[in-house]
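Below, each structure is written out as structure tokens.
First chain A sits with chain B, and in the next complex the same chain sits with chain C.
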Partner chain A sequence: MAILPPDLSPADFAKALAELRQAIGTDWVFSSEDDLGPYRDSFSPVWDTDKERKASAAVAPADVAQVQAIVRIAGRYRIPLFPISTGKNFGYGGPSPNVTGSIVLDLKRLNQVLELDEARAFALVEPGVSYFDLYRAIEEKGLKLMIDCPDPGWGSPIGNSLERGIGYTMAAFRDHFGASCGMEVVLPNGELMRTGMGALPGAKTWQEYKYGFGPDPSGLFAQGNFGVVTKMGFRLYPRPDFYRTGLITVPRRRDFVKLVEICNYLNDAMLCGEIVYASPLAGLMAKPDFAALATRAGGPSDADMDAAASAAGLPSWQVDLQFFGPEATTASNWAYAKDRILAAIPGAKAIDGDAFPLPATPEQMENKTQPYRTSIRRHGSLGVPSLGIWKIVRDDGHLGFFPVLPRTGEAVFEMQRVMCDALREFDGLPSFFNATTAPLHWHSFAFQMVFAPSVRRNDPAHNAMTDRAMHKAVTVAAEHGWGDYRAAPIYQDAVADTYSFNNHALRRFHEQLKDAIDPEGIIAPGRGGIWPRRFRKP
Partner chain B sequence: MRRFPGYALAGGMVSVGVALIALNGVAAASRQTDAVGLAATGQPIFQRQCAPCHGQGPGDDGPPTLPGTAALQRKYQGELPAALEKRSDLTAETIRFFVRNGSGAMPSFRKAELSDADIDAIAAYLHKSALAKSP
Partner chain C sequence: MIDRRDLLKIGAVAPIALGMPAALRAATAGVSLWVRDTRFQRGGPLILAPGTVALNGGDVTPLWTGTLDDAWRKRGFLVAGMTGSDALFVLEQLAWHRGRRVVERSEVAPQDGTRPALVRWLIAPVHASVVA
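Now for the complex of A and B:
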């Protein structure tokens, strides 16, 4: 049965579709079941259940004027629009909307790299531009610029940054929204707005000074629903001359506390790129005795973990360090890191890794020359988009829950223990949290850990377990002060609920804004847990 | 045809037959040109849209093959080539089915990112590349 937008009759929906076809062309309005199939979330754990959110139609405009026309037509018929850029937000809902019956506003055809400036190191792009496209445009022009791209690279710089996606190079660029500078937005009434210096006619600094004058509303459009972003600027990393890696290992479990402390300094002082932690003991999880120790209720003792490491002849932790810049600077920074860590942690060892000028050769991109088992993702580290990361996708896809935690060893141990115990009942899932689980330093100044349970298209019982586990993970993490950074539409209300300081003052503020700007919920009602009055439950 | 009434019937038939053969030849040549053109159009589309997962290069950071190629290797166990560029049996309809519906961990692709015409061109390219790679 055809899906209708909320509160709309079939006849009025037909009229709306006719107006949309008139506005953007028949070929770019999709309403058949076949055409709408790819607008479902391929990674959905609620596929074909009454919880799945499905679109009533999709529209793919060619330019900003057509986006404005679509928003105005949707406004007249009170139809929610759900904007997507390249539609690759897998693990977080893919291209599927928050509200069933929404029309997906597919911005893939707005695919121009509008400006690239090598001397001032920025790009201005449209939403349909992928990281592959941006990388290719830079390479074709032969510019000495480096992008910071997420894994996989088929996403859009605009879509990814609006989801607060992250990457793998230097701290200033890994936070993709943080590295954005200036945006153009179609507001819920169809009007066009530019932020920062873009609001000043004739300004040449739109991608260089993001604030302009007065309040900067840019943040409202990230994980929000206050407009449709049609252009966005990004700061780019001037391509460094040289790249160097090194590995540090530390023998004891508790050494991790000091190791993190020093690595925080290296990161915050901008001496190195992404810091990649791992535990060599993770390889022992296939052994039942060790797995039982690493997942022991209440957590294992340091002494028991150290004994296991010693018996296996392995260090407890390792960290991959990466350095960018002039060759001499990378050598100096690596020497400094080694000296400082080895002086502070008895038994710590350092091994020199790769060292080569950029850009890397194809052989260097394969990441096979480091004299140790590395956890670095070479493509990501060097800003080269790839789909190679798809190798980690198990079954038919997965979800993503990435709680944010402080950058301390103690906080890591606590999250390992608490989340391991909390998720123990879901014994059909792998042990994402155990005493060998390392934190991710993707965000510039915070750790995250990963819970990414799989989905299976033909196994509803498994998916139901995954769904329950996701809800429990969100709840338990929040009880300990750890919040998720990004969520699929089916989990956004649950996550938003946890950000509840002072009786949900933040959500109430967002709702007041939404009611003022978009009371009918034309733009993505429910996104980010923000519902306009029309859709709010009494 | 108005030129032919004075000719003997048989001759006329022959003439018409020759003309048809000639026309068929033109059509076949045109189809060939179309196929060559379509394959040329399809190559960069394949490289951009499919090869990052289904190409023949190595995977990232260790694996010998890219994830899509590795998945087909597991699926076919050598009965069919894992690399799409070596497959001569993939019609546009077959490719369209998998592109629009996805398969396993491969998500589906929308018309706004990969049109039906793009898929036709990819099929033509794969046919050509498979022939070129066949022993």
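Now for the complex of A and C:
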């Protein structure tokens, strides 16, 4: 049975589709069930249940004028639009909308790299440009610029940054929204707006000074629903001359606290790239006795973990460090890191890793020459898009819950213990949280840990368990001050609900804005947990 | 144009390690590229027939950047293969974005614990903007 937009009759929906076809061409309006298959969430744990959010149609405009026309038609018929860039976003809902019956606004045909400036190190792109496209444009022009891309790299800089996605190079670029500079937006009434210096006619600094004058509304368009972003600028990393890696190991569990303190300094002082923590003890989780220790209720003692490490002849923790810059600078920074850590932590060891000029050779990109077992994703670290990471996907996909926690060893130990105990009842899931779980330093100045339970298309019971586990993870984490940074539409209300300071003042503020700017909910109602009055429960 | 029977024949008589027999290749004229997955190689050196590419460890990246990204911006260009289901998922996502679909798909071997299911498939242009 055909899906209709909310509050719209079949006859009026047919009229709306006819107007859309008139506006952008018959070939670019999709409404058959077959055509809409790609706009479902392939990783959905509620696939084919009444909880799955499905589009009623999809449209793929060719340019900004057509985007404006679509928004105005949608406004006349009060049809919610759900904008996507390339629609990947797997683990967070893919291209599926918050509201069943929405029309997906697929911006894949707006695929131009509009400007690349090597001397000023920026790009201006459209939403349909993928990281592969941007990388290729830079390579074809022979520019000494490096992008910072997620893994896999098939998404778009605009889509990823608007989801507050991350990468793997230096702190200034890993936060993709933070590295954005200037945007063009089609507002819910169809009007075109530019932020920052883009609002000043004749300005040549749109991608160099993001604020312009007065309040900067850019943040409203990230995980928000206040407009359709049609252009966006990004700061790019001037390609460094040289890349160097090194590994530090520390013997005892509690050494992690000091290790994190020093690595925070290295990161915040911009002396190194992404810091990749791991526990060599994680390899022991296949042994039942060790797994029982690492997942013990209330957490294992430091002494017991140290004894297990000693018995296995393994260090408790390791950190992969990466350095970019002139060759001499990378050598100095690595020497400085070694000196500080080895002086502060008895028993710490340092091993020199790779060292080579950039760009890397294909062999160096394979990351097989390190004299130790590394956790670095070399493609991501060097800003080269890849699809190879896909092999880590288990079953038919997974969800993503990435709670944000403080950058301290103590906070890591606490999250290991609390989340391990909280999720113990879901014994069909791997123990994502245990005493060997390392934090991710993807975001510039915060840690995250990962809970990514799988989905199985033909196993509803497993998916129902995954769904329950996600909700419990969100709730328990929030009770300890840890919030998710990004969520699929089916979890966005639950996550937004945890950001509840002062009787949900933030959400009420967002709702006031939404009611003023988009009262009928034309742009992605519900996205980010923001609902206009029309869709709010009384 | 390749048809379902051709694909079934390929799967039945052409294990991926042995390559695509010439007779069957002729029967599937119209396919621009064959794709194999090294994870399902049965030992010995991998010998690639003309018009065939290998996915090393199932990684689609080189196939995408070296061939499909350009080829799928134009009309036509059918691609057939036998790969892991994970590699097909990636290709299917990329294909959708460029007006193409998996029009034939069947499992040749189930997931075996270390490898994903082996699937044979055909991806063809379906959108008016890319149909030959």
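Just so we're on the same page, the second predicted complex is superposed on the first by the 538 of 538 C-alpha atoms of A that agree within 3 Å, B and C clash if a C-alpha of one lies under 4 Å from a C-alpha of the other, contacts with A are read in each partner's own complex, and residues count from 1 in each chain.
Basically, contacts are C-beta pairs under 8 Å (C-beta built on N, C-alpha and C of every residue); 3 or more make two chains touch, one makes a residue touch a chain.
Just so it is clear, the model here is predicted, and its values are computed rather than measured.
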Point to revise | Combined model on chain A where chain B meets chain C, clash or fit | key: clash
Check your understanding: Thinking of the overlay built on chain A, is A:Phe401 touched by chain B (first), by chain C (second), by both, or by neither?
Key -> neither
**Study point:** First, second, both or neither for A:Lys368, with chain B first and chain C second
**Key:** first
Check your understanding: Is A:Phe447 contacted by the first partner chain B, the second partner chain C, both or neither?
Key -> neither
Practice item. Have a look at where A:Arg378 lands relative to chain B and chain C in the superposition and call it first, second, both or neither. Key: first
Practice item. Figure out whether A:Lys108 sits in contact with chain B (first) or chain C (second), or with both, or with neither. Key: both
Check your understanding: Between chain B (first) and chain C (second), which does A:Pro38 come into contact with in this model arrangement: first, second, both, or neither?
Key -> both
Review point. Touching A:Phe177, do we find chain B (first), chain C (second), both, or neither?
Key: neither
Review point. Is A:Tyr77 contacted by the first partner chain B, the second partner chain C, both or neither?
Key: neither
Practice item. Name the contact category of A:Phe290: first (chain B only), second (chain C only), both, or neither. Key: neither
Check your understanding: Of chain B and chain C, which one touches more residues of chain A?
Key -> B
Practice item. Would you mind listing the overlap between the chain B footprint and the chain C footprint on chain A? Key: 38, 42, 86-88, 108, 132, 152, 154, 385-388, 390-391, 393
Review point. Given the complex with chain A, which residues does chain C contribute to the contact?
Key: 57-61, 64-65, 69, 86-87, 89-90, 93-94, 96-97, 127-129
Study note, to complete from the structure: chain C partner, complex, touching residues on chain A are 27, 38, 42, 86-88, 108, 132, 136, 152, 154, 385-388, 390-391, 393
Revision key, fill the gap. Counting only contacts in the complex, chain B reaches chain A at residues 48, 52-53, 58-63, 66-68, 70, 100-102, 104-105, 107-113
**Study point:** Residues of chain A touching chain B in the complex
**Key:** 28, 30, 34-35, 37-40, 42-43, 58, 60, 86-88, 90, 94-95, 106, 108-109, 132, 152-154, 366-368, 374, 376-379, 385-391, 393-397
